[in-house]
Amino acid sequence: MTWTSDELMTVNAARALAGARTCFVGIGLPSAAANLARRTTEPGLVLIYESGTLGSKPSRLPLSIGDGELADTADAVVSVPEIFNYWLQAGRIDVGFLGAAQVDRFANVNTTVVDRGPGRPEGRLPGAGGAPEIAASCGKVLLVLRHSTRNLVRRLDFVTTVGHGDGPGSRARLGLPGAGPVAVITDLGIMRPDPETAELTLTDVHPGTTPEQAVAATGWPLAVAPGLRVTEPPTETELTALRRLAQGAPDA
Amino acid sequence: MAEIRSLRDAVAGLVHSGDTVAMEGFTHLIPFAAAHEMIRQRVSDLTLVRMTPDVIYDQLIGMGAARKLVFSWGGNPGVGSLHRFRDAVENGWPRPLELDEHSHAGMANRYVAGASRLPFAVLRGYRGSDLPSRSGTISTVVCPFTGEELAAVAAINPDVTVIHAQRADRDGNVQLWGLVGVQKEAALAASRVLVTVEEIVDDLTPAPGAVVLPSWTVDAVAVAPNGAHPSYAAGYTVRDNGFYQSWDAVSRDRDAFLRWMDENVLEGAR
Amino acid sequence: MAEIRSLRDAVAGLVHSGDTVAMEGFTHLIPFAAAHEMIRQRVSDLTLVRMTPDVIYDQLIGMGAARKLVFSWGGNPGVGSLHRFRDAVENGWPRPLELDEHSHAGMANRYVAGASRLPFAVLRGYRGSDLPSRSGTISTVVCPFTGEELAAVAAINPDVTVIHAQRADRDGNVQLWGLVGVQKEAALAASRVLVTVEEIVDDLTPAPGAVVLPSWTVDAVAVAPNGAHPSYAAGYTVRDNGFYQSWDAVSRDRDAFLRWMDENVLEGAR
Amino acid sequence: MTWTSDELMTVNAARALAGARTCFVGIGLPSAAANLARRTTEPGLVLIYESGTLGSKPSRLPLSIGDGELADTADAVVSVPEIFNYWLQAGRIDVGFLGAAQVDRFANVNTTVVDRGPGRPEGRLPGAGGAPEIAASCGKVLLVLRHSTRNLVRRLDFVTTVGHGDGPGSRARLGLPGAGPVAVITDLGIMRPDPETAELTLTDVHPGTTPEQAVAATGWPLAVAPGLRVTEPPTETELTALRRLAQGAPDA
């Protein structure tokens, strides 16, 4: 079978959920990955959406986090204040899964505004949504986005959501209870925070990608981890499940 | 007690230019019909409040009805940007749009404080984020028991909250179910409440997961079948994902947008 | 994930002497069967937390299981006094009982803070009351936006919360309905959660007004049919008002009380 | 027809709800009065119980505020935190109806402890329940209790719930939004705060009661209002409705 680079990214993002029991699912790519995980390696994975659903089991990828099927298939539906206060903030969720517009070397995230240079107005992004508190309160955080120097930047134009702040110890100083980002999955490979410096380093490339490609597509001098791995190619099971999920929701 | 009124009369009676208006519905039950009536009645200078502005506020903003937006996530869910929102913020078209920008957790708690008639709410939020630097409604409080510093957000108390629900009875008691979002809080936080419904029924038979707003908390109920389209009302309609996708092209271009509004919304007023 | 266990094993595994224990249920769904099992297992030195101590805590207190009570209204609803509670407070029998006393609004918000894992909650409460003078868990905070001073109450986070519900499925997902009180908050505030149920069913069909506690928030589910008696489980049993009335005479006298407990509760352990 | 002094009290307490739209109903005597009002003069009266019921329409007097019929007949049932935060504290309720153990001349209430004198332990009362915030937040407050020097005292042993504090302006200084107690209905008559002094004065006696009886049964020098009225005797309709309500719930 052949696959697209987005499929590679999603399959690897789903694999990163191995061992998770509960996942707070961001809109877009994270939803595809979390649903794929539930269809493959983690059938018991409890999907939690900020629209208020606990334990959604959609058969197709929802276009939005408020699609009816998320509520219809959930173990429980609660109000939006409740999902944020009793469930997310309370630290009950193992993994927060987020997309991002800009990510820096410490896995901080900008989804608010981009600087377009002098004399030009700031470019508007959608905004924070649930991300600041998802990244603060979940046991750990996964990020998924396409790999480019536009997305992976030396310096964020705005810090919407804290990953590892300005390095080791930042999260503790800020009082952020969760462990923060543990992996950034892209269409080229996987970056993980270095255990010493908390800086994102390239730990895996996908089949057919070279580390040089990933370094060139990163806005800071991306370190390559010793013992760089190549991810396993998507299996037929994974691809079939992903394509079945995607049917009828072309842009999810 | 809620009066059952036509949508035109209800909007004319309850929504005034210059008001702070919350129109809630988290993807589900978005009150599009009421927004279109507001556009037809040329309500203007609004402070619009909504966690997810969505296409409904893209339309109001693009028609110049808003001077300020209070929100937490301004995208077209699953599709991309809200182009009218971006054009207003980036280029001031058709008029500048002031922003008060929060996280979802912050906005949800602002409504909770509003519904509870407290001046603020406390949450573990915004830590390390640049968001507080751009908002006058985010601050901190210190726990008097532990000394921990926490985020405080100012209550939202709209002049009027507008929501869509599945149904009401003849006394104006309102029932909604499915994703109930933050509608109860938004309604109870407001000075005035307008609810559009799919239908009026004799009796509100209890339904799983249903929220009931008693008649005495609502000012007007207006029947607006399919009044959430392109959003949906669980049990009555389904989300028109195709519309959300097609909105991207319509809203990208100012003229195409105005033409679409003229043909699909203003037409109704003539 | 919740394990389905016998009541005896569940209590032995989850409730330890010295624990802070919340057993909630606002008149409805009071977990009497679990309390009786705790009495049989001689769990002691408990800090008991409950808005309305009711007959369930009158029994635990009278048997000497508690060293402290955190509460907001300690009467026999519609009947009169809780005599064992009074005897412990007034006369230290069978042992002194420390009190932390609140209003209902304060207690409810303490659970909300606990469930939200915030150190405190804010309310407009206690103004002018002498209650704060006797409690270390009532203080004040100042709104950073308006300068208004409001009451602050410390979060409650029990070691274990015990509730009774109508039913659970085989995976341990729990469903309760009717007057749902503060049980969700009490459960989500606790380190450990024990739920007794009327029955285990194959599927939790959605029910109007139902609260669902997912299996992964519960430690143990134990089947205890009629386990709320003399309280009740809507849809299964009715409140035994006669029992509540007869409790007045039983509990007035120390010996009569001990005899009753011996015959009706301890007997079960032999 | 003849009637008991408790029936006199309850009938007059029910009449005091004339014009109210919503009533937060305390346990015991207030519940009997509020239900009687709904059966007679105020059929549209919305009864709200702290157990979480909005718009209960019980056919019998509930023994407790958590009886099943209160939930079964309600327009909506909400959680206990919600009833206190979104409904009571928010100032949505016209009238708060409370019982009391001790009341002083400014209609402050003690339901916590009584002083039994030197060398004796404090006597324990049930405690605050919902009363402090009911009296703070409702538009106005009605109190109902039996008339005796034990109940109506010169000085409270403990202030559980503020009525008019230490007199005019107290409520404003304390930041209590509602108007506070407007009437104390007893089995001998009705006391209302003097418009100038906020002190409870006898404005009505029940048929067959003299003002001297009421004064003698009050722990402070009770002022008798000029133009003292005699309450209307219970009507047959009122008594029949009350007795029908009471059937099956002997102690409500």
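Per-chain residue numbering starts at 1, and chain names A, B, C and D are given in the order in which the chains are listed.
In this section, contacts are C-beta pairs under 8 Å (C-beta built on N, C-alpha and C of every residue); 3 or more make two chains touch, one makes a residue touch a chain.
Here the structure is a predicted model, which means the values were calculated and not measured.
Engineer: Going by the contact rule set out at the top, which chains touch both chain C and chain D?
Structural biologist: Expected: B.
Engineer: Out of B-D and A-B, which chain pair has the most contact pairs?
Structural biologist: It is A-B, judged by the count of C-beta pairs in contact.
Engineer: Measuring centre to centre with C-alpha atoms, which chain is farthest from chain D?
Structural biologist: Relative to chain D, the chain with the farthest C-alpha centre is A.
Engineer: Express in whole angstrom the distance between the two chain centres, defined as the mean CA positions of chain A and chain C.
Structural biologist: 40
Engineer: Distance-wise, how many Å sit between the C-alpha centres of chain A and chain B, to the nearest whole number?
Structural biologist: Distance between chain centres: 28 Å.
Engineer: Based only on mean CA positions, could you tell me how far chain A sits from chain D in angstrom?
Structural biologist: Inter-chain centre distance comes to 57 Å.
Engineer: Where does chain B touch two or more other chains at once, residue-wise?
Structural biologist: 112, 116-118, 123-124, 148, 184-185, 209
Engineer: Touching at least two other chains at once: which residues of chain D meet that condition?
Structural biologist: 85, 89, in rising order.
Engineer: Hey, how would you classify the chain contact layout here, line, ring, star, complete or other?
Structural biologist: Per interface graph, the chains form some other shape.
Engineer: Touching chain C in the complex: which residues of chain D?
Structural biologist: It is residues 27-28, 50-53, 62-68, 70-72, 77, 79-81, 84-85, 88-89, 112, 121-124, 126-133, 136-137, 158-162, 165, 170, 174-177, 249-252 of chain D that touch chain C.
Engineer: Would you mind writing out the residues of chain A in touch with chain C in their complex?
Structural biologist: It is residues 21-22, 46, 54-55, 75-76, 85-86, 89-92 of chain A that touch chain C.
Engineer: Per the contact definition, I'd like the list of chain B residues that touch chain A in the complex.
Structural biologist: On the chain B side, the touching residues are 26-28, 51-52, 71-75, 77-79, 81-82, 85-86, 89-91, 101-105, 108-109, 111-112, 123-131, 148-149, 178-182, 184-185, 209, 231-232, 234, 238-239, 241, 244-245.
Engineer: Quick check on the complex: what are the chain B residues that touch chain D?
Structural biologist: Of all residues in chain B, those touching chain D are 112, 115-118, 173, 184-185, 188, 211-212, 214, 216-217.
Engineer: Which chain B residues qualify as touching chain C in the complex?
Structural biologist: For this pair, the touching residues of chain B are 116-124, 137, 139-146, 148, 150, 152, 154, 206-210.
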